[in-house]
Amino acid sequence: MTGVAALSDDQLAAELEKLASPEATRCQGELLAMLREDALLYRGRGTTEAERLRAFVMARLARGGLADAMTAYVVEELESGTNPYTVAAAARAVQAMSAPPLDTVSLLEGAIERIRPVDDFVHLDVYPAPPGVAPTTAVAELVATLRQQESHAKPPDSCCAGGEAAEPHPLAPSIGALRDVELQNQDGTTARFAETFGGRAGVIAFFYTRCMTPDKCSRTVGLLGQVHKRVRNERPESQAVIAGITYDPDYDLPHRLYRYGADRGLVFSETCQLLRSVGPFAPIRETLQLGVGYGDSTVNRHRIELILIDRAGEISARKLRRLWEADEIASAVLALDRVSA
Amino acid sequence: MNVEIKVDATDPNGRTFLTWAPVKGSVRLTNAGGAQGPVSIVLRNGGKPGGGRVIFDTQRSDDGKPDLRLSLPTNLAPVEFFVAGEFKHPSSDYGDAAIEAVDTAGTALGRLDLMVRIRKDATTLSNTERDRFLLAIGKLNNAGQGPFQSFRDTHVAPSRPEAHGFPGFPPWHRAYLLDLERALQGSDFRVALPYWRFDKPAASLFAPEFFGMPPSNRANGDVIQFPHGHALEFWKTDGNDPIERRPLYNIAGAPPQTVGGQPRVISQAATLALGTQYAQFRGMESAPHGFAHTSFQGPINNVPTAAKDPLFFLLHANVDRLWAFWQWLNRRTDPSNAATYSTAGNIRPPGNIGHKLGDTMWPWNQSRTPPRPTFPPPRGNMTASPVVNRPGPTPRIQDMIDYQGIHGGGSLGFDYDDVPFELQGPVA
Amino acid sequence: MNPKDYRRQVEAELQSSDSGAGLQAAAPQQSPEQAWEQALAQLANPSVPADARLAALQQLQAGTFLGDQFAPYMPRYLAALREAAVDADDRLRHAALDVLINFKDEFARQRLVEGLRTSERALVPPAAALGLLARDDHASVGELARDMLARSDDAHVRAQAVRVLGADPQSKSLLSDIMKDKGEFREVRRASAAALWRLDPGRFESDATDILQDSSDYPEIKATISGALERAGVSPESPSDSTRRR
């Protein structure tokens, strides 16, 4: 998806016009789709520009009564976002929620610590945002939201208590359609999807080496190494595959994959690999409905993304947008591996 | 008749490296040659003219002498001694220093080549030393594909609280420099990290052969223009970023010490005068340290990007040298003394983690538990030295304080050309 | 030299040094917070002379090294930097943009892009603008760089444009062509070589072999390429192997 031109200013204005009165007749799904990483308005744009747009969209949707529907995006931003604009927008969205998630207070506290060193004035109600002083800053928005949540603490709503926020957008059921897609691993060896994953349980996480947020891709790949280690220790005979696939195959050549993985503790083998698509990445992205958007030469934004597959190639579970831990995934892989085909 | 000389600070390849801190050695007869009683020998300097020099004593002291008379038993048992580099006489190459054993007639009985390996003012390096260092760090970077990126990835925004704005700023950076220096020595054992004496003119440091300068016209950008074939010509970090740096002062001089009456890149004397207590001295993180960074346009003037520029390490070597100099001057090497190290002042929440004496330091402790960064630590454990045992794989704050082993336990394996080893008397 | 003699020498020097403080503690005239407030007021005030505003910028940027202590000043600092980035004084503009780009500031990125598209809106000259934009490989300015490469015959502009394209895997062929083009500025060829080495070491090695074997090519280019291969431990005669590059 690199090389795609961004919308012109007029086209962008037309897209943003949909937000003018979101509480009116617009289909909720269409509006929420503007938060997808691959939404039209972000394509071909740089990361910081896409983040600014995203913040504006989020703030507008929150004002338009869609705060609860975008909980997954809001929580993601509060947990791992590093841009003051998007995090501030997420904070404002929480204020508009009827049933914020249970861990909202701790998420807000974490966001305050993370954003404090890069705090900035935020103009959330106008795009493009003017550069100067604003009535509020990102940290001020977070603090205001935290105070609101602490003062209005109420019993969890039955529909949203505990668990993860529902992902609002389509998710693929299996990897079967990718059987003939050719992959190359960190050693330069190529194999089809079916040869790498066929008949095996496993986990596939998505990443790219140029990711600027260490808590996303660097952490993800490091955790894959921990998952592999635990699976190997508990069941040395397991053929479960622990793999990472790059969003950025043209840049993430084998030697780069190797160094990235090795530096993060991966012990490469047939059951632990970092992979790139040899041909275009689009089939993988589209089949799996991955949450990734592109600027003109690389990813401009992506969600944390991991799928667990059973021996039949069915996607049995996902971890999307939230930080995950190695033990949980390792246990899931071991459980899937135990189930006979 | 021959003797065998051994020194503790010797690597598995038989190469010996000394600093100013004394290390234990031993000498023994390998054959008595018919001697009926103990054989009298002299240990003395055997290095090349202009090379490193060593001093000797029978005990660990700061009062070594250029030669030492010993009596060696005919049963070939070793006799211990202490040896150190002679202050102000570092090596510039391996083997330009040596311990020579001679008999009373001056006949050579044995010899041990070595290097007095010392961190020097970058402007005093010979061309050979300069190029050796540049090649080593250029190889470490390897056009962005080498291990240097892991050092760069250690000094980023999420790790800022580990190293900046809190009491552990000096020891954390001392560990960071040591890790890099040991990595360089893995490539070339003769390398010691030089320092940029930023309160003095250092035009030669910015010569094309060394760290270079950007185009003279600001309009043409800030990428350093290296000669073709220069070791840093293909330097990359974070993808395709070469070295960018533009001095905001005239490099014929030094950055200003004050501006508008306020401290900037203050002199060494003014830095030392910040106070005799650690809580006062660590204010040097602001002036001169912060202002040394912001004397340039380019990534070096910003914490999350500063380590992209190799000059960062020479800047911080001087920061560390200033701390070492202050430690020596004020006899501040005992970590249990609050004047040496104190957590007074602003505290990193929660619990000042990473900044108390007994705390290990990220990334070398491999911690991923908040409030430490939760992504994989870019560096593993502290790079081991083939010559010294300290500070160990997961150094603590306190392990970085007595870097010369004044209070025992051995040194960290480095010294500065203008900071001697001196055992401490009563502490004020 | 005996350390005790050295100590006497140093103490004597410090006593007579022109710091005026001797060995006593020297307290700064202002607290850091006071200095930052004053500096913010100066930086944000267009009527203050540019030199003073540059000094204020450095004061504040040095403050960022203190982390948490400076954090409350960050929003006002960023706002003041953005004001300075469009100031009449070109040194101040450049210094402010340099800091903002290091912060990956979107306002700065947009203004630099506007300036490259419309020269009347340029805040800094094009080579400098491209150089600043090139620091962020997520800035999505590849198309702009290709456009500048097509339009400009200035060596520095072309070198910086090539540097931007070093983040774009789709530009490998273009970079390869530039690297081999004996009619291209040597500085631009070098930048292309560096970019291609990063994007596709195998292709770089192949092109490097051709250049090294071309008796009509420039010694400086050959020195550049040989140096890169030597530091990587690659012999131009050996077949390329991705495992060897580890």
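Chains: A, B and C, in written order; residue numbering restarts at 1 for each.
Simple rule for what comes next: a contact is a pair of C-beta atoms (placed from the backbone, for glycine too) under 8 Å apart; a residue touches a chain by one contact, two chains touch by 3 or more.
All values reported here derive from a predicted model rather than from experimental measurement.
Engineer: By number of C-beta pairs in contact, which chain pair leads?
Structural biologist: Going pair by pair, the biggest contact count turns up for B-C.
Engineer: Taking every chain's C-alpha mean, which one sits closest to the mean of all protein C-alpha atoms?
Structural biologist: C
Engineer: In terms of CA centroid distance, which chain is the most far removed from chain B?
Structural biologist: Using the mean of the C-alpha atoms as each chain's centre, the farthest one from chain B is A.
Engineer: Averaged over CA atoms, how far is the centre of chain A from the centre of chain B? Could you give it in whole Å?
Structural biologist: 43
Engineer: From the mean C-alpha coordinate of chain B to that of chain C, what's the distance rounded to whole Å?
Structural biologist: Result: the chain centres lie 27 Å from each other.
Engineer: Taking the mean of the C-alpha atoms as each chain's centre, how many Å separate chain A from chain C?
Structural biologist: Roughly 30 Å, centre to centre.
Engineer: At least two other chains touched by the same residue of chain A: list those residues.
Structural biologist: Where chain A meets two or more other chains at a single residue, that happens at 117-118, 210, 255, 259.
Engineer: Which residues of chain B are in contact with two or more other chains?
Structural biologist: 145, 160, 239
Engineer: Please output the residue numbers of chain C that touch at least 2 other chains, ranges allowed.
Structural biologist: Chain C, residues with two or more chain partners: 67-68, 103, 137, 167, 199, 201, 245.
Engineer: Note which residues of chain A are touching chain B in the complex, please.
Structural biologist: Residue positions touching the partner: 82, 113-114, 117-118, 210, 214-215, 218-219, 221-222, 225, 255-256, 259, 263-265, 323.
Engineer: Report the residues of chain B in contact with chain C in the complex, numbered from low to high.
Structural biologist: Where chain B meets chain C, its residues are 62-63, 87-88, 135, 138-139, 142-145, 160-161, 164-166, 215, 218-223, 225, 228-231, 233-234, 236, 238-242, 244, 248, 259-264, 266-267, 269-270, 272-276, 280, 283, 285-287, 289-291, 293-295, 297-299, 301-305, 329, 346, 348, 420-422.
Engineer: Which residues of chain C touch chain A in their complex?
Structural biologist: 67-68, 71-72, 74-76, 78-79, 82-83, 103-107, 109-110, 136-143, 167-170, 199-201, 242-243, 245-246
Engineer: For a test of understanding, state which residues of chain B touch chain A in their complex under the given definition.
Structural biologist: 145, 150, 153, 156-158, 160, 239, 368, 371, 373-376, 378
Engineer: What part of chain C is in contact with chain B in the complex they form?
Structural biologist: Residues 1-4, 6-7, 10-11, 13-14, 17-19, 21-26, 28-30, 32, 35, 52, 54-55, 58-59, 61-70, 91, 94-95, 98-99, 102-103, 124-125, 127-128, 130-132, 134-135, 137, 156, 159-160, 163, 166-167, 186-187, 190, 193-195, 197-199, 201, 219-221, 223-224, 226-228, 231-232, 245 of chain C touch chain B in their complex.
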